[in-house]
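Each structure below is given as structure tokens.
You will see two complexes here that share chain A, one where it goes with chain B and one where it goes with chain C.
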Partner chain A sequence: MIHLDNISFDQCIKCTVCTIYCPVARATHLFPGPKQSGPDAERLRIKNPDLVDESLKYCSNCKRCEIACPSGVKIADIIQQSKWRYLKKKFRLRDYFMSHTDLVGTMATSMSFLVNFFMGLAITRLFMELVLKIPMRRVFPKYNSTTFRRWFRTIRKSQEAYAQKAVFFHGCYVNYNNLDLGKDVVRVLNAMNIGVEVPREKCCGVPLIANGFLKKAKKNARYNIASLEERTGDGRAVISASSSCSFALKYEYSNLLALDNSRIFNQVEYITKYLYSRIQEGGLPTMKPVHLRAAYHSPCHLERMGGVIYTIDLLKRVPGLDLVILHSECCGIAGTYGFKKEYYDISQSIGGLLFKAIEAAEPEVVITDCETCKMQIEMNTGYEVLHPVQVLARAFREE
Partner chain B sequence: MKTIETGAIIIGGGATGCGTFRDLTLRGVETVLIEQSDISSGTTGRNHGLLHSGARYAVNDLESAKECIAENRVLKIIARHCVEDTGGLFITLPEDDPDYHNRLIEHCKYAGIPCEEIKTREALKLEPNLNPNILAALRVPDGTIDPFRLCSANILDATERGAKVLTHTAVESMIIDGGAVRGVRCRDAASGEQIEVRGEVVINASGVWGQRLCSMAGIELLMFPSKGSMVIIDYRINNVVVNRCRVPSDGDIIVPGDTVSIIGTTSRKIDYSDIERLEVDDDEIDVLISDGEKLIPNVSKARILRAYCGVRPLVAVSGNVDGREISRGIVLVDHETRDGVGGFITIAGGKLMTYRLMAEWTADLAAKKLGVKKKCSTASTALPGSETRPRKPKIRRFTGIAKSVVGSTFYRHGSRVSSILERKKKNYGLVCECEMVTAGEVYYALRKLNVKNIVDLRRRTRIGMGPCQGELCSYRAAGLFAEFGAATPQKANRLLIDFLEERWKGIKPILWGDGLREMEFTYWIYQGLFGLGDIADDGEDEK
Partner chain C sequence: MNYDCMVIGGGLAALTCAIKCASEGLRTGIISYGMSALHFSSGSLDLYGYNPDRKIVSRPYEGIEELVKLNTRHPYALCGNDIIREAMEFFRGAVAKGGLELYHNDGSNHFHVSTMGTVKPTYFSQPSVFNETAKEAFEKRPKIALLAFTGYRDFYPELAAVNLRKSTLFRNLEVITGEVTLPIRTSKNPHEFRSIDIARIFDSERYLKNIAAQIMNASQGADFAGLPAFIGINNYQKIHQRLQELAGILIYEVPTLPPSILGMRVDNALKSRFAALGGEFVAGDRVVGGEIAEGVLNHVHTENHGTTRIRAKYFVLATGSFFSGGLVSGFNDIREPVFNLKLFRDNERNRWYSPRFLDTKGHPFLQYGVETDDNLNPITENGETVKNLFCAGALLARYNPVAEGCGGGVAVSTGYAAAKKIIRNLRGGAA
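Take a look at the complex of A and B:
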């Protein structure tokens, strides 16, 4: 069966630069690289779907190949689509739990104390390694005792006073695991005289896509598009503090899930780009010095969106911040990829270069935009990892 | 000078020559095949590779149609690994004469071709990329056939039974003794050595070149060459053969062939003196693309890989000389009765589809002359690679080799895949990444399939036939020629240049868009990285 919905593979001129930039191909010989798995193999799969290679599953969907490609081939999209279209699907409880972040998050926050306690026990981890195939060494994020939405309800009234408002798509991580980041987003926006609105939302779908729950991902995407369309009728911006969530809302929905998100496309921004535009309009309050030596790591999906320059620009404005911008490397975790036993070693090996670079920079903290990059770096280097907005929040602090 | 004594001599390594070669060998006749270039390098390898059901000829040429459907059924069994049973459609577009549809159904009935009228909705389901405005559709048992594989398998079978092949060896003169042809003198292009081959029967199966060969024996046999051009699309834009339901004309068929699709064909009368320097004309490409687009609208969005042309070897039976009007029927000439020259047979006309039948007739005549009683068995003896029934290889046996590689190799070599993809290091690295050719397959081709240069290798393995057109793989292949001892390093460089020059010949007519970008990159590797243009010039100086 031929699917001619993504024929960008036809533009490939076989320069192989994508394979040079592929962190997975560098770490393991099991993955033949994006050129061979994407545009090359696509011709074979069109000829005969039986010619699909198992090695597709090693793609972590970091999208670095698409950044490198000079011919505009949507390599990672081709690989992801083929993975779920042609490979046999096996239901795995682990993948179900990892991808259904809303369900798991709701349960975990309601008994966060117990969950965090048990997740720290060796016996639980042994069980997870043996039964669920989640490596024992992997450190899990802690769950909050309350959700961001619940907290936001308590301050919602105060947001109505602002003339200018932004719609904050908080995503699962802020909601269930990092309430502090959510609070900082509200603090920073308020300091810049912008009120916050929180829309109805479901998981953006990134973990669902990565684990093959495409139907559910589409369902969530439709829900989010409808909810955001309601909110953005007057041209209001939708911002997200997660690079991967904003990437999904903007690009994965249309390219991979083939949904129409054109009415929200121009409204959705990653938070630093939004803040950058507001500052260009002259909305920057005075900043207090933040005396920190920090290393900045740029996440792959933010690079794919071309959003790194805005984050760097904001950070450079913070007085006192001694910023080291690390050479662009993938941290290796790629969402749920690094949580799986079969990919754990590859994931760690990919991140090796980054961890060394961080050590060499001798920072006090690491700054990055992505929540899973944060988990990977914290686990492997021991440094505290902050979100750029958290650094801004410190600069905007009231003493 | 070397002398070879044999029973029968076949001149021409096209489908007919290869078929006759195998047929006579199976009958126990000692046979030598002489080919001036490579096996299937002429007209045989320059068509769209359609496994005719016969429906295309049913209205105009009932006899050919009947031959086609009979051979169609035979080839699906004996050449299983060379054919793909894709099925075919005849679609009527709004501007076409709706009457032809009914005439076709009727004539298919006369010819015994299963032809089923299906709803347009069903046709679109079968082939989703089809023009949605079609008015009617017919389903016929068309398929695709790979001429390179077919010829190679015929040769392989014959040589494994002890017959001898001389490729890149051109016939220079005939040995005529007492009013009969007794052999030929030929020259090996690589070594320059002259070889005398003596036999009791000489069979001229050299297609359009047959006119020249006949004149060497002092016989006049006129050919009316008709050029047909085709363009290749980067990927399989259709999985079912799509024919236009009208009187056969230019640009009315799209055939999926291996990983690509081919739009065919034009028909132009050319002068006999031009048969060596055929070129695709720009207006032919325009017609093929614009008419191809009417069948499958996506044609205009896809990359065109190359354009090529072949020349139909039509023998003038009557005075009519228009390419399509002239009979494509089989012409078997016994020169003993026609011209009084003994021991000389010419087989011409016909088509790829009927190669086996032509070979059978020719071998029957040759066997009669040689006094061999044994009957033809090619209709029931499977070709090497097609012996076993299962279409799917047991992939488990090739642990560690990617499914795409096993599948592609199996597709090309059938059951012989097990002797190619041995558990050796050379099978775990790819030479050609577009068509999944391993170093092991190159080794096999060099050892078993009469490969003398990289162009030959391409015909056996599809190396350099993908979207990159040899951009990366040809360099690796040249390296392997040296590594496996098939050429000195200097010679390998020369082979590489020759190969790329041959590729560019077919790319030049379609240089635009992504194909042009690809070639810019190819040129950068060729000249910027390797400086091969300088080596090419050195070679010219030496000459």
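Take a look at the complex of A and C:
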């Protein structure tokens, strides 16, 4: 059967601009670049699936090709779809664990002390490298001892007092790894007189899509769409503090998974855009100076959504913040991509330009919107990485 | 996000305008959909190449004075010669601050060689295309070697050499061809390499000695070696110089089929300059409309931002011509898709083009575009002039970038002129 669900490849004029801006093609010749792997090869694959090329797997789905394309071709979507539709699929335990973040997160937070301890041991890392093909040098995020949801239950009552409310899609990272960020989101929204609701949710599906668990990704997506539709009936906004989660809810669900998310599309916002809109309505509390020299790195998926200007706008409002905006470069980690042995060197090589730019900016901290960018930058530069909301939380603090 | 100036479009006109605004301390943003036409350009900047009789113009500024007498609605006529000169110098400075030197022939045009080996007049070029040393060497009637890279599909020196020999400038010059093999081991077939892949190999500065030795060999005592333009991106000037030293020969770059590395260098330099001035660049988003009331554009909205309004005191529309999507054509109509502005055009399809594809007069559609007043302000379909919206670059009407050889100059001049007007209005306190 010929699949014709993404025929945007027909718009391709073969200009090769996407390949110029592909971070993977820059780092390795093993990937022929988005033009060849996407619109060029798609013409062959739709006629004869046997013509599929293994090199597809090198695409990290950063979407920079789609940003560069002057002709509106959904290049990365074509590659992702083809990767899972045509390539022979092997089950890998590693990929299963990395992508099923809810399962792993629930287990890990319930015994976070042990998990964090063992993950820090060289012997565990050696085992992971040899058996699971997870590079030893890769630093893993720590797990919290409690989940965001559990913490939120203790403060839920306090949120009822607010007339205006936002639905916070916390995502796996806030839930299992960075409770502090979740707390800061609530703190910032409350400071702006907005109450927080937490919907029932499952992993947005980004790691599942990246690892080929498309059925599970669709299942999660349907669950999330249904849950968010319930919450947004009255036009309430859904916000996420992860650029990739918001990207998935808005774009991957419809473009890649072919699901109908039209009823939540306009409600879902990445948090800085939501905050920007509230500030336009006059909801900005007085800010205290945050004396920091910070370098701002814009994540690929936020670039793809055009959301970077809102983050920059918010940061520019923070008094005392000495902000250097870094030239937009991929950090290389691309979610679970950089956690795999076969892509580790590529991932590190891609990030090289960014790491150098960060060093040259001589900041005290780095600011970025994405959790895996944070992991990559912290591991490679040693700088502490903050989320823009955490910077705002510092500016809104009460002395 | 209350911008002083929001520029719609990300090419030559847009970047020149935005850099000028940002350099005056205005809060400036750019919203651009896809990478600009610079990636398909020669990387040289044309100011004014051919007069209405198709004769090559030697002194472009003097030529423009004559041109605007004949065509008083030409974008150059709207700018004025003083602004054009100022714009060109500003542009050269901005590109230099972004890390790329541009050279001109003491106010006259110089020529550059195309992929096909044709010779074209132009005004600014990168050092591997024009500089004083190259000029002097050329005046001494040099021997020229055009070199290919084994397997590379986007430049054919034999073809270029045939055309080059036909040109009066090169008549009786010895032009030979030869081949260089990239000394790298890769799983990739050399046929798969595009200019960008090879440019990155040059940028790494490895293999330079080996390549230089091969160039020396293949050029058989020539004074100039013409290579496809991919000798480095970020490190280009250093590598060009080093390669010339190692090979003991002047190295000239011939533009290749897209992606054009020469054009990309200009794009990189302009974008770095804009970023260094604190400009905000949104890539990959399309402005789809805005609200115009009583001659003022209040806000615009974009594809990705949905209903969110992006406000600015001034807006600049520099979305390019048909190729870049600044103008769109249907079967029997031509429109400006963002604001539906008043155009200079013919709606009768069979008058859009000349039946001769390579007509030296050019095709009429190339002259179509947005009709502005003297102030570069466009007019809506209701006949209302939009006072805080300026138009710049290829989207403008009544000039022919191909036949007149003036596309780059018009983009830079009108982009700069728009910036000057915005700055003057803001500083003068008028809205």
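Keep this in mind: the second predicted complex is superposed on the first by the 399 of 399 C-alpha atoms of A that agree within 3 Å, B and C clash if a C-alpha of one lies under 4 Å from a C-alpha of the other, contacts with A are read in each partner's own complex, and residues count from 1 in each chain.
In this section, contacts are C-beta pairs under 8 Å (C-beta built on N, C-alpha and C of every residue); 3 or more make two chains touch, one makes a residue touch a chain.
For clarity, every value in this text was computed on a predicted model and none was experimentally measured.
Taken together through their common chain A, the two structures put chain B and chain C in a clash. When both complexes are overlaid on chain A, the residue A:328 reaches chain C alone and has no touch with chain B.
Touch criterion met: A:32 reaches chain B and chain C at once. Look at A:289: by the touch rule set out above, it reaches neither chain B nor chain C. Look at A:43: by the touch rule set out above, it reaches chain B but stays clear of chain C. Once chain A of one complex is fitted onto chain A of the other, the partner contacts of A:51 are limited to chain B, with no touch recorded for chain C.
Contacts of A:120 after superposition on the shared chain: neither chain B nor chain C is touched. Legend: residue contacts after superposition of the two complexes on their common chain; A:7 is shown touching chain B, with no touch to chain C.
Counting the residues of chain A touched by each of chain B and chain C gives the higher count for C. In the superposition on chain A, A:71 contacts both chain B and chain C. Taking chain A as the common frame, chain C overlaps chain B at a single listed stretch, which among 152-160, 278-286 or 404-412 is 152-160. Touching of chain A by both chain B and chain C, each in its own complex, is seen for residues 15-16, 32, 36, 71. By the touch criterion stated above, chain A contacts chain C in their complex at residues 15-17, 19-21, 25-26, 29-30, 32-33, 36, 66-72, 265-266, 273, 276-277, 303-310, 312-313, 325, 327-328. For chain A in complex with chain B, the residues that touch the partner chain are 1-2, 4, 7, 9-16, 32, 35-36, 40-44, 46-48, 50-55, 71.
Remark: chain B residues 128-129, 234-239, 256, 258-259, 298, 301-303, 392, 402-404, 407-408, 411, 430, 433-434, 436, 466-468, 471-472, 514, 517-518, 521 touch chain A in the complex.
Residues of chain C touching chain A in their complex: 1, 29, 31, 33-36, 39-40, 186-188, 192, 194, 196-197, 200, 258-259, 264, 272, 275, 278, 280-285, 302, 304-308, 324-325.
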